[in-house]
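For reference, chains read A, B, C and D in written order, and residue numbers begin at 1 within each chain.
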């Protein structure tokens, strides 16, 4: 696969296309709620990727509209979806067993913070009065063979989201293997080192300025 | 229900009829391999008893013969059986979950020994060179709401089978609630006392002579 | 033995104050709306509720919570855009919350039905939801010990029951139904229709009748076609 | 991704010496006869086999054992009227046996597929099969800790596969098939026929295709009619 060269930070849609290109043909994948859902728009039939939704379906199709909407057929974000040929239904314990048993090749999740050891924080801001609501995030982060994160490199307030050590409550320990951001793609090596695989519209030095530890070059 | 009066030790078939009469209407029941299987001959449609077979079926029917035989439809004793209306199939983990989760009202098992505390030995003679083969006996004995034992009161060599304390390797601890034998029915009370509910063709004194601890009268 | 009752009120009548009640559904799919409404009418209070969420909008579980009838909720995702009734009770200290990762919730419910006393899982290790839980390394992974979630009653929804209590579901409305029916001491199921024994193919039964205590047929609004 | 192969020999070709192989079936029902025969031909040795039994008569698993290709067997019921090949190897100290209560066998296989690191169960407590196992009282019952049984390969039998790998089974031939396919790293399934994606009703799929690596269609002798 040829890497596209880009001369600016990526839109969420463009980033979704980068992620989609990295999902191997034939993979079983769970796309988290929000930005990761966009990835499905860039998967082609030739990719033969099968989508899992944790509320009990393998082979989830595209969003349903109008008369296609069936209230008994929704995804984990509670959005009506369609079937694909070869899909199947199962109950919640079987669905999470599928995830937790390491059968999904990959899941793509959003994040508040990821640290150099692949620790993920994406469910709780840590504010003392926040109501904890985790859903399936911990199961996905821990259960999939690979966990990809899709996020902006910095928060709206400019704070780094790729950090030395997560300060927010964790979702999973050492579970993230790649981070896709608007400015760069990072590979988490597992020994505390993080490699910049590619940058978008900037050079590695510019990315380094936004990350509070020393990055490795690809 | 009127208790029949009997003037002699019971045949296995007669004993099976006694057991069948004690199974509540509407019960879900597992009948062990061997003598307990006879109980099914004395269950009537009015009893509405549903039979479970641990190889993955609820609503097991009678033994299949001739052209009814389907190699894909067998019971736990590997004997061809038939369907009943309202039956269902499931895999082995679901089948044992049904048993182990306490959903069966009753199971009926054979035994080598039962002791006054309801401990059961029915899978292994304890001979040092014997090959251990347990099958589903431990799951049944421990998982059903009630475990009934069907056996002769004494072994072929005259040794008691209802004993102070099992000497053979156990199948389950404190799991037996009733013992149906050719000479008497016993209720295991849970505090170490055993009540003679009824006798067949003999009096309680004669039964007491065959049991090495003091029995209680009903 | 299966009890087929005439109305939702009769189905939920046995639910007493202080009961633990599992409620099926993920979003609207599989939500036993009429049974929840009957429970609201019936009046039992001091309830512990097990559900994936903590109520939406002003109806159903949200209404039960707003009426102060729920002492504790065990769920994976309480905070939603329209969970204002739960949010208010929670911030007022009037409802207890046990937040559980969704897979642990499902597996703990399954464990209750399957007679599993406890299990180790990697999900949640190293997070605030594992605080105080036993930790052990197994198979090269750090894991935490989780206990079954049992219940006195379950309220779930299926599409068809036969008179032996066997159930089939429809699409993603299956979700928590089968495991909750198996876990609860007394399972109550609303279905769209009841057929005679023998009318369901034994190969496609999802919940065998052994797990079903009470069934009520309720005319639900027509669902879309697949 | 699913690999549909032409013959049983191609299906079992990846099985190497020293592998752990789960073999489905309970009695003849669900027994993947042609896959076992292919494994015998293929020659892998020093195998650990997980099955409910330890072989019957002189064919299939019994033959594999008689050829000295099985180092260890994990099963619930090795001793049978016609298990003479296993019996002889066992008494000669030439095969290792792990005897497991059938429900623990099924649940341990399920645990491997479901990512459960270990679980507590009352089954086996106080018996010789619990010797050396950790004991804990949970829910008022004495329970023992059991570990998952994992495998490199599974050989199972279903009736129909679609080209997405989804499987349906037939009657009590379902038995260990679904849990073994989920537990093994590489699952190999023989079916009577393969249909196109979309030909199986998604509501009745028993094993979703994610659990299936290799499928081979084999003309089996016709089975009886229900």
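List of remarks:
In this text, a contact is a pair of C-beta atoms (placed from the backbone, for glycine too) under 8 Å apart; a residue touches a chain by one contact, two chains touch by 3 or more.
Worth saying up front: this structure is predicted, and the values here are computed from it rather than measured.
With centres defined as mean CA coordinates, subunit D is found 33 Å away from subunit C. Between the Cα centres of subunit B and subunit D there is a gap of 29 Å.
Centroid to centroid, with C-alpha atoms defining each point, subunit B and subunit C lie 35 Å apart. Within subunit D, residues 107, 110, 114-116, 121-122, 169-171, 202-203 each touch two or more of the remaining chains. Residue positions of subunit A touching 2 or more other chains, listed in rising order: 57, 83, 89-90, 97, 99-100, 143. If you draw each protein chain as a dot and join the dots that touch, the picture is not a line, a loop, a star, or fully joined; it has some other shape.
Pairwise chain contacts present here: A-C, A-D, B-C, B-D, C-D [touch as defined].
Taken together, the subunit D residues at the contact with subunit A in this complex read 1, 110, 112-116, 162-164, 166, 182, 196-198, 200, 202-203, 205, 208-211. By the touch criterion stated above, subunit A contacts subunit D in their complex at residues 25-26, 28, 48, 50, 52, 57-59, 83, 85-90, 97-104, 143. Those residues of subunit D lying in contact with subunit B across their complex are 26-30, 76-80, 83, 86-87, 90-91, 97, 99-104, 106-107, 109-110, 121-129, 142, 169-179, 206, 223-226.
Touching subunit D in their complex are the following residues of subunit C: 107, 111, 114-122, 136, 138-139, 141, 143, 147-148, 168-171, 201, 203-204.
Note for the complex: subunit A touches subunit C at residues 53-57, 67-75, 78, 83, 89-93, 95-97, 99-100, 119, 124, 129-139, 142-143, 169-173.
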